[in-house]
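Below you'll find the structures, each written out as structure tokens.
In what comes next, chain A is part of two complexes: it sits with chain B in the first one and with chain C in the second one.
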Partner chain A sequence: MTGGVTPLSAGWAPVVALVLLAGAVVAAALDAALDSVPAGRADRARPGRRRTVTAAVARLLRQRRRVPVAADVLLWRIGVAALPVAALLMAAVLPLGRWTLVDWPVGVVWFNAVDVAVWAAVWLAGWGPNSAHALIGGYRFLAQALAYELPLMFALTAPAVAAGTLRIGGVVQAQQSLWFVVWMPVAFLAFCLGVAGFSVFGPLSAPAGSDIAGGVLAEASGVDRLIVLAGRYLLLTAGSGFAAALFLGGGAGPLLPAWAWMALKTLAVLSALVVLRRRLPVLRPDRFMEVGWLVLVPVTLLQLLVVSVVVVAR
Partner chain B sequence: MGVLSTVAFWVLAGVAVVFGALVFRVDSMARATYCLAASFVAVAVVLVLFRQDYLGVVTALMMIMEMAIMAVYMVMFMGMNPALMPMSMVHGRRTALGLSVGLFVVLTVGVLLVPWPSRRGTPIADVTRALGESIMGPKMLVMLTVSPVLFATIVAALVLAMPRGRYDRLGDDLRRRPPTDPQRGGVGR
Partner chain C sequence: MGLSERVTGAAVRAASVLLVEVPGWADTRVAVERQVRCRGWRLATSPADADVLAVCGRPGREFAQAVQAVWMQLPGPRARVLVDDVRDCAAVLEQAATALLDTPRQRADAGSRGQATDLEESSLAPAPAPAESDGNQNRSDHVDHSGDMDDMDDMDDMDDMDDSGDMNMDMPMPGGVPLASGAQDDRDGLEMDELTVPLGPVLPHWPAGLVVRCVLHGDVVVQAQVSTLGPAADHAPKIMAGTTEGWQARRAAAECDSAARFLAVAGWDHLSQRLRRVRDGILDRAPLEDCAQEVAQVTRQVRRSRLLRWSVRGLGVLGRAPWPPGGVPDDVPALLRGDVRDRLLTRLDHARDLLLDRGAGEPADPQLERQRLDRLPELVTGLDLAAARLVVASLDPDASIVRRHPGAGS
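Then we have the complex of A and B:
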């Protein structure tokens, strides 16, 4: 059973990468546009200083790379490059409407494995530059990863249990009659929090926080910085795509073709995450850890129990 | 296995061994830890090559997660200063080398001498389920006993290792509110 999605040939991989990149650019543009909306008098005092994505990319491409003394350049570069690569590896198993690059029977576990690889990537990006602020950023990421990862895993398990398959296409097809977000809202929210977590974004952006001079971004300059920043938006986009596929019915919807619905839902989740970033405070990793273990883990476990009972009783 | 998968197998096996050996050649705890992670990931890909997709991906997941955490502990506890500076990854060199070479030889000889059964018929579609059932099916009671025992061991070890208990937090009569913690948690206990 292919679960209603057609696998594409490997030649389509660059197209999928471009689609993902387009999503990331939209997210970054929205973020920049919201940034330049004057929030108060202080901002209005400097008219004409609009931050655009193009300008930021051009500036970073022109900027010279700085490498601190005794940096572990190899590990640093691996950590930086792994962020966009991880986003691409996630997108490889994501059904984009009727098509998917790889229709893997263990797609859900693959997504999970790749988001765990981000642990290594962010820590290495923090370790590499041999800088205290960056290293603290790396440690912060691991601390909050320990808090968001288990809830994220249970949140991933819920749709897989309900669909009876680890194949993403199968999970999408199991939502033909009812989207999973309707009867597993807690898992959906925990999943979105996990997406923000592995994208070092919004409330979970403390590893790159301004209180530690940018954390894992502290020493990244030029093209390195561009790749890390782009990698965060790419991960956010891939994560939103998975939220759409696992909880919002994937390509299901009236009138429009499946790919359009998939794109719309992904952009909706993506925009919600970008907009919410301004409404939510950055969480302190040490505080968030206790919330993760004492609140999120039990709550997502209960959600999983409810889902399992429904599946057995059905 | 076809030619391609045979080549892939040997390349991956080589990668696993080389990265395993590099663990002892590099001069930083971070590099050593992530060499070990790379070695494990190569083994995970070998599992995928054997059509054990689920086991392969889960192995990669667990090993990357474990090594990411282990790097923190390695840097924290290994070395004098602690391991933020370049340092040697070996000590007790001669004994360790003798033991590891000996173990490698014993295991390899074992692999080569075991009379492996030859394949009869064709493998079924879901080899992961088949493997799970043949490993756990008749021994489910053992599995069900082992996991709580392991979990209890972890909890017991943590309790023993904790420098502070509830009396330190809440006072002798357990009434102190808010508790004295070196760092406040997030849920206001």
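Then we have the complex of A and C:
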């Protein structure tokens, strides 16, 4: 059984990468556009000039790569390159309508494995440049990851338990009658928080915070910086795609074809994450640890319990 | 127009600027910030992120060395400008843009920065210790020049090494940088590596001219030493006396600026932007009632944010309950009372009072600024770097005032 999903040949991988990249560019453009929205009444009189994504990319392409003294260049490059690669590996099991690159029976576990690999990537990006601020950024990420990862895992388990399969296509199909977000909202929120976490984004962007001069980004310049920044948006896009597939019914919807619904829902989650970023301050990693273990783990476990009881009783 | 010109043009349209403020040139820094926004540019968070190094004011000798060290870390294409006067800043940034667009010149600059020039460049800046982001990442001059006894930074480094045993000879020094050394005291039963990292004078959202020399265990500050760097002796900034006309508005703008920087450190960019705009409005002589109203709105938003309260609760408490018993003498001025959030709210209220001319405001008080500076080391010791940054931002000592009145408060 393939769960109504057709696996594509490996030759389609570049297309999947481009689709993912398009999502990331949309997110970055929205972020840039919101930056130039006037902040408060006093700002409306003097709008600044827009900073476009194209110009920002051109700047980083023109900038030289810089390597600090005694940097661990190999590990640094591995960490930097691993971010977009991880995003692509996530997207590989994500169904866009009828199509998916691979339709593994363990898609949910695969996603989880890749998002844990991001731990190594971000930490290496902090370790590599041999700089105090970058290293602190890397360790902040690990501390934060310890707090968001378990809730994220339990949140992932809920749809899998409800659908009775670890196949992403199967989880999407199990939502034909009712989206999972309706009866597992806590899992959905914990999942979105996890997406912000592994993308080092918004309230969980402390590892790249400006209080430590950009943290894991502090020493990255030129193309290295471009890849890290792009990797963050790509991860955010892939994560939003999973939120759409696991909780919002994937391609289910009237009138439009399945792929369009999937794209729309992904963009909706993505935009919500980008917009919400402006409403919230960054969470301090040490305080977030408390929340992760004392609040998020228990509530996601409870959510899982509720889901399991419903499944057994059904 | 060829592709490479187009890329160059686009790149320069998105340039990012690393600001260095010399104490006393706050007005200039504010003007440059506004000009940067006008051009669609952005402020950089670290030297690696920057295309333009904009120094506001004329730094003194030690400060200039730090600036030089930062300059060497800009990846290039790069431009360095000095803004001495508020009125110049548009022209000076235009000059920086022209320099960035000049590809042949940038190429020549890049070519002159090979391995050979590492030495040459470092001889320009004998001791780049208080550089931006990296205590250990600076060039090898730390070691090479440690015989330079007239240089304070190098002496500090040597002292550190001596404290931690005679490891100078046996310790491997990758890239000529000494490794973090083992600490004397164990913390939590763990042996921690000790790393000396100077914070400032060039950091985003950091008080001008402040240097906090930290000894870090991981990211925990175990020892902090505060100093300030000043302007060149023959270039004292033009001082606006605190009692000249319109000082209330200027003071209110400064308070908004300071609060905006605190919010930026707390990672709340949106609200920080908003306060900056209020600041600009005040300086542009917008109706003061409107400004006061907007400040009040921001204050409400800050006060209502449970997330912020929870996230900074109990940080950097001054003068509340006696804690530890008898530890904090209760002579804390009203403006410094409470934790970092209380201080932020006090600042915002102060700004509003000044704008509404309720007579509650005071001109800058040297004693108060001195207290902000003196209380800093004790408060940040034992905190992690994120918390320490919040405490520094909440105190935000004005080095120009402290340096002008060296005797105050001591």
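Operating definition for what follows: the second predicted complex is superposed on the first by the 305 of 314 C-alpha atoms of A that agree within 3 Å, B and C clash if a C-alpha of one lies under 4 Å from a C-alpha of the other, contacts with A are read in each partner's own complex, and residues count from 1 in each chain.
Operating definition for what follows: a residue touches a chain if its C-beta (ideal position, glycine included) is under 8 Å from a C-beta of that chain, and two chains touch if they have at least 3 such contacts.
Source: prediction; values computed, not measured.
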{"item": "Chain touching more of chain A, residue-wise (chain B, chain C)", "value": "C"}
{"item": "Which superposed partner A:P105 touches (first chain B, second chain C, both, neither)", "value": "first"}
{"item": "Touched partner set for A:Y139, first chain B, second chain C, both or neither", "value": "both"}
{"item": "Touching partner for A:R287 - first (chain B), second (chain C), both, neither", "value": "both"}
{"item": "First, second, both or neither for A:A220, with chain B first and chain C second", "value": "second"}
{"item": "Which superposed partner A:L124 touches (first chain B, second chain C, both, neither)", "value": "first"}
{"item": "Chain A positions touched by chain B in one structure and by chain C in the second", "value": "139, 283-284, 286-287"}
{"item": "Residue ranges of chain C in contact with chain A within the complex", "value": "7-8, 10-16, 37-42, 45-46, 48-49, 51, 73, 75-77, 110, 132-140, 174-177, 195, 197, 203-205, 216, 218-219, 263-271, 273-274, 276-278, 280-281, 286, 290-291, 294, 297-298, 305, 307-308, 310-312, 384-387, 389-390"}
{"item": "Of all residues in chain A, those that touch chain B in their complex", "value": "72, 74-75, 78, 104-106, 109-110, 112-113, 116-117, 119-120, 123-124, 127, 139, 142, 145-146, 149, 166, 283-284, 286-291, 294-295"}
{"item": "Chain A residues touching chain C - in the complex, by the definition given at the top", "value": "38-43, 45-46, 48-52, 54-56, 58-59, 61-66, 68-70, 129-134, 136, 139-140, 203, 205-206, 209-214, 217-222, 225, 278-287"}
{"item": "Interface residues, chain B side, partner chain A - complex", "value": "28, 30-31, 34, 37, 53-54, 57-58, 60-61, 64-65, 67-69, 71-72, 183-187, 189"}
